[in-house]
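By written order: A, B, C and D. Residues from 1 in each chain.
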């Protein structure tokens, strides 16, 4: 069997994205042993939304069997996905959900992802305290889902007060600056909810201010942060959005192309087209194992996990 | 009266007054904002921006619509190169500095050659170069061992170094003195102003116009690269697009410092104040608890209002 | 007054004259080459459907490039076009939703969308021309403001467009896709605009503000006019984005601003003002799109793609500048 | 009948009082000449009338009515048209569009009426058909035109306003004799027509050829008005300079330097853009004049010797050594100096201190790295003094000086380290009469000190009075050499017009 699968990534501004593509390419190679030839063609560059729509159109022109996309917008692809479907192409979105009924989402639940770490924070603070949040890009769907997630959790805890929420655009240095400003104006905060690479920045400011012992804050999954976490024994916890999600999506795609059917149809999420993958969690309890698993990797390497071919097959009839 | 007006129009003075006013406002809105430690930390952030803006300032002074949009890319690239070279070890710092300076100078040279030999407008050349740099970042990130800053570098940037001030602030003061010396006490500086205000006349007076313009772009690259190195020290590890946030702010700092984008006029002292002003403004906005949409609207509007104080274009009717 | 001239100089003189009249010729040539190369690497990319898709996707950037061109005519620049497009995009989406999504509500929303674009253009014109702030920094500031406004109107990307709207944009009438009608209408509109007094006056202002003022031109009003035109075309671009994406996104246009500037240059217009054509910008928008696809079709490994695209666009920009300069040097 | 009356008009730019008390009475149907030294405020006065400068005080009466000219548009509405000294053309627009720019003919409200545009422009282009050169037609892009043609377009643009009051601020500075003659014919017609015309020129012959009355401005103040018929050039000059000094009378034929046959610069078959096959030699102490009509290669030759841009073929020998002229920088290093008449473009570094404007050549020739104001001032002051430059302080911006004094700064920069060869490319363009006299005295002194000097001037009198020999250029080549007693206006014209 031969399948041609197109991978589209519309932003190369983070190492997580490049790792995502690499893992997907490795997953494709793994199918060879099963006697399935999976050829991947990837488009990965900084583009705007129309530019990524063009990615999809290019795949249609090439006549791929499936498209796996990490979309720059949740809703903008509805018309072009409809065209892909007309052309008989399977479309799977990963990392960010899409509204199109013609596509499937295979990835983590961003809201659930935020809720996990928010729960950890709330529990660590024993249900009370002042908390600040440092978010990604305002208006970005993944960011807004995450915001909704932590707000829901903190809302359930009477004693937790969100004193300020700021945006640092998923930029580590901006996260560090934002934290610095927040520490100056709210010297008595107890917890910080911060996402992704910004967590490393925020922690740096916390440590600079010698408050590492007084503040609990969420963390992230890059190796260089995990090292710092281990070395300094930080009071942190991190939900994992593994870059392997695209690899998982690829495995799902191949099985679907083979004509297999899911045991449970993908109907989760706000658009009823999602199949959620498990969200690993890193806390002091399993930090050692995590650190061991990323040993020897470069600093930008993110702790990852993905569905193996066997795991994936288990989801199918 | 006239003299008073003249002094009141001094961009440096305007910036200093505005900074004081903003600090006061910030402290009123959120007590603790203007504490000594916080001001020092703001200065660290301003120093990073200010060092990038030094190069930007030179390129803008050189006229012919000089502008360098590629600084952000160079900052990112240099942070990654530096992280890669020093790899978390103090011993690697000298080599990392060399590597950064070389990287910055190289891309500055490309910009300079495009602008002078091919006469591509700087905005276009450096915008194109930014695209190339962003692509290059993706390429070279494949398989680099690590991006950790050396401990000494981080200490230098974030910890008190001399008289309670972190090393990076001393570095920035040094950059300020160097810039003042270059611009006001060297023939090179006079030539920068000369090509900025009348390139043709400068050429006829034997000024090596191209060489100087190339040198300006190279200096811009070098300053951006040094900032990238310091940014690595600030954030501890290098990561993609770390410098993206410096592109337009570095230009605004220059404008707030009283150097018009048309070149040939202005200096660096104002730019330093402009950088501080911008950083203080941004940090006040972070600490005020409003929606991001509100913050952006206030930020945009405030920038516009502040610009009214600075070098508005002359009226058409004299 | 005998003029010294040799045959070769006359040839290059004719070439220059041709370029002076049609500064977009080099861009057109690059476009043709890119189309051929795309066709070689992926024959399907020249199919009618693919070409339709290309126009459908890049009509927005074409319009945005046109918008940028009018301000560049007068030696100004607008770094807020992308933000204006985003703002109009969310405004019309929200309006269409609120008004029920019928045909009439769509038209009403579009009308208001144009007005929003116009208003943004007037704000830019006011701060740049009337308040005399420097265009690059002032429009950067307004872009931040407009983005904030867009976030107020639609805090998170989403909210679908009414079906009638995007089905029309993506649809086919009498066998011809809608976007080709739109492109034809655009061509006529641009042709007419090129003959207006405003176009000539913008170019004259771009040649020298002081001279234009002393000639008795209402320079401030003309520059504001350029920004207003820019705002309106940014709104039209937003319609195309909305048509192609069928949804609202407060950040959708952000990345398009710098591409619009690149397109203007690539199309042979001078950033220093006074010289250029909108046709060149339109062609250049397609070139940017085709470069991106070519890099992919040519089989570039994924982590090299951004770099190769960056190099190709830089090279195209250089060619655009170098060749167009011969037309007016 | 008084058409326009200005009384007590004043204008200050920052600390510079450009115009203290401008008075002017313009009659219907006259050509009223305005004359005054550089920086005396003529252009400022004109711009006030034309609305592009806002006066600080004073009154403007039009047909006896007090009016406020709130801007150039308002001026046009009031019937005032102007030719700007520094021109107001859009380089990338066509001649026709430029001529009609103030009021583009409209069609259907928004559109340019192309036929009407061409028709209207055509009328004005036709006026200068015989003298403008074939390239100048309605569709030509203005940027492709020569300086004199551009000046003609600006004239057409002023005429096209059809305004009852027309102001011409040095409209003839780049025109050749034939063009000036044609322009004067047109002015006479306009006068017949009952238009009121203000005319500014630094050329005395022109003033007496066309003017009805003359108003003299000195240091921003109107000194007086005389009927041309009742006055003489000497009287006008006396009014211009005041009582302080009497002008040196034009020098009689200068002494010849045949004796010192010490060749400084020898040019052999030099060919470049705008000139071809030029050969000559200049001796130390000699002033070699370059004459002829405009744009016949004189400026291009001088620029080529200076390396901006270098010639394409031929040889130049300086003091027995081949001269490398790849760039001005190289030329300067080898002892060549070049003064351009176009100081705004080639000379002054605007917005910078006077000191920086005087010292760039010194810094270059001495390979200075540091710019120390003290030592540099010591070098600059004597050079400035030699030219009687008026300035308040070395740290003041060069923009605070009048045009003539700016030009002196540009010349002074070559006097700190003496060059071997001085190339003067119409150095007195726009310089007032007394400054001119000073300048030529200095040039002669420099020659006597052993410099070889090449002088191109657009004013015949200047050449005839100051050059020891004159090479007459025609069509890019030297058509004749005049020396000794041959140097007469008649010979000059004859050689210049021979083939043209």
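Assume a residue touches a chain if its C-beta (ideal position, glycine included) is under 8 Å from a C-beta of that chain, and two chains touch if they have at least 3 such contacts.
According to UniProt, the chain labels map to these proteins: B = Monosaccharide ABC transporter membrane protein, CUT2 family; C = Autoinducer 2 import system permease protein LsrC; D = Monosaccharide ABC transporter ATP-binding protein, CUT2 family.
Predicted model only: the values in this text are computed from it and were never measured.
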| item | value |
| --- | --- |
| Remotest chain, chain A as reference, centres from CA atoms | D |
| Selected pair, greater C-beta contact count between A-B and B-C | B-C |
| Length of the line joining the C-alpha centres of chain A and chain B, rounded to whole Å | 33 |
| Centre-of-Cα separation between chain D and chain A, whole angstrom | 71 |
| Distance from chain D to chain B - Cα centre to Cα centre, in angstrom | 43 |
| Chain D: positions in contact with at least two other chains | 52 |
| For chain B, residues that touch 2 or more chains besides their own | 134-135, 138, 142, 291-293, 295-296, 316-317 |
| Touching two or more other chains - residues of chain C | 151, 155, 210, 213, 303, 305-306, 309 |
| Chain-to-chain touches, reported pairwise for every pair that qualifies | A-B, A-C, B-C, B-D, C-D |
| Contact set on chain B toward chain D in their complex | 184-191, 193-194, 197-198, 200-208, 264-265, 316-318 |
| For the chain C and chain D complex, residues of the former touching the latter | 1-2, 4, 20, 192, 195-198, 200-201, 203-204, 206-208, 210-218, 274-275, 328 |
| Contact footprint of chain C on chain A as seen in their complex | 7, 9, 12, 18, 21, 25, 41-51, 53-55, 57-58, 60-63, 73-80, 83, 99, 137-141, 144 |
| Parts of chain A lying in touch with chain B, wherever the complex brings them together | 12-15, 18, 44-46, 135, 138-139, 163-167, 169, 171-174, 176-178, 180-182, 184-187, 197, 200-201, 204, 208, 222, 224, 228, 298-300 |
| Of all residues in chain B, those that touch chain A in their complex | 30-33, 35, 37-38, 41, 45, 83, 134-135, 137-138, 141-148, 158, 231, 234-242, 244-245, 282-283, 286-287, 289, 291-293, 295-296 |
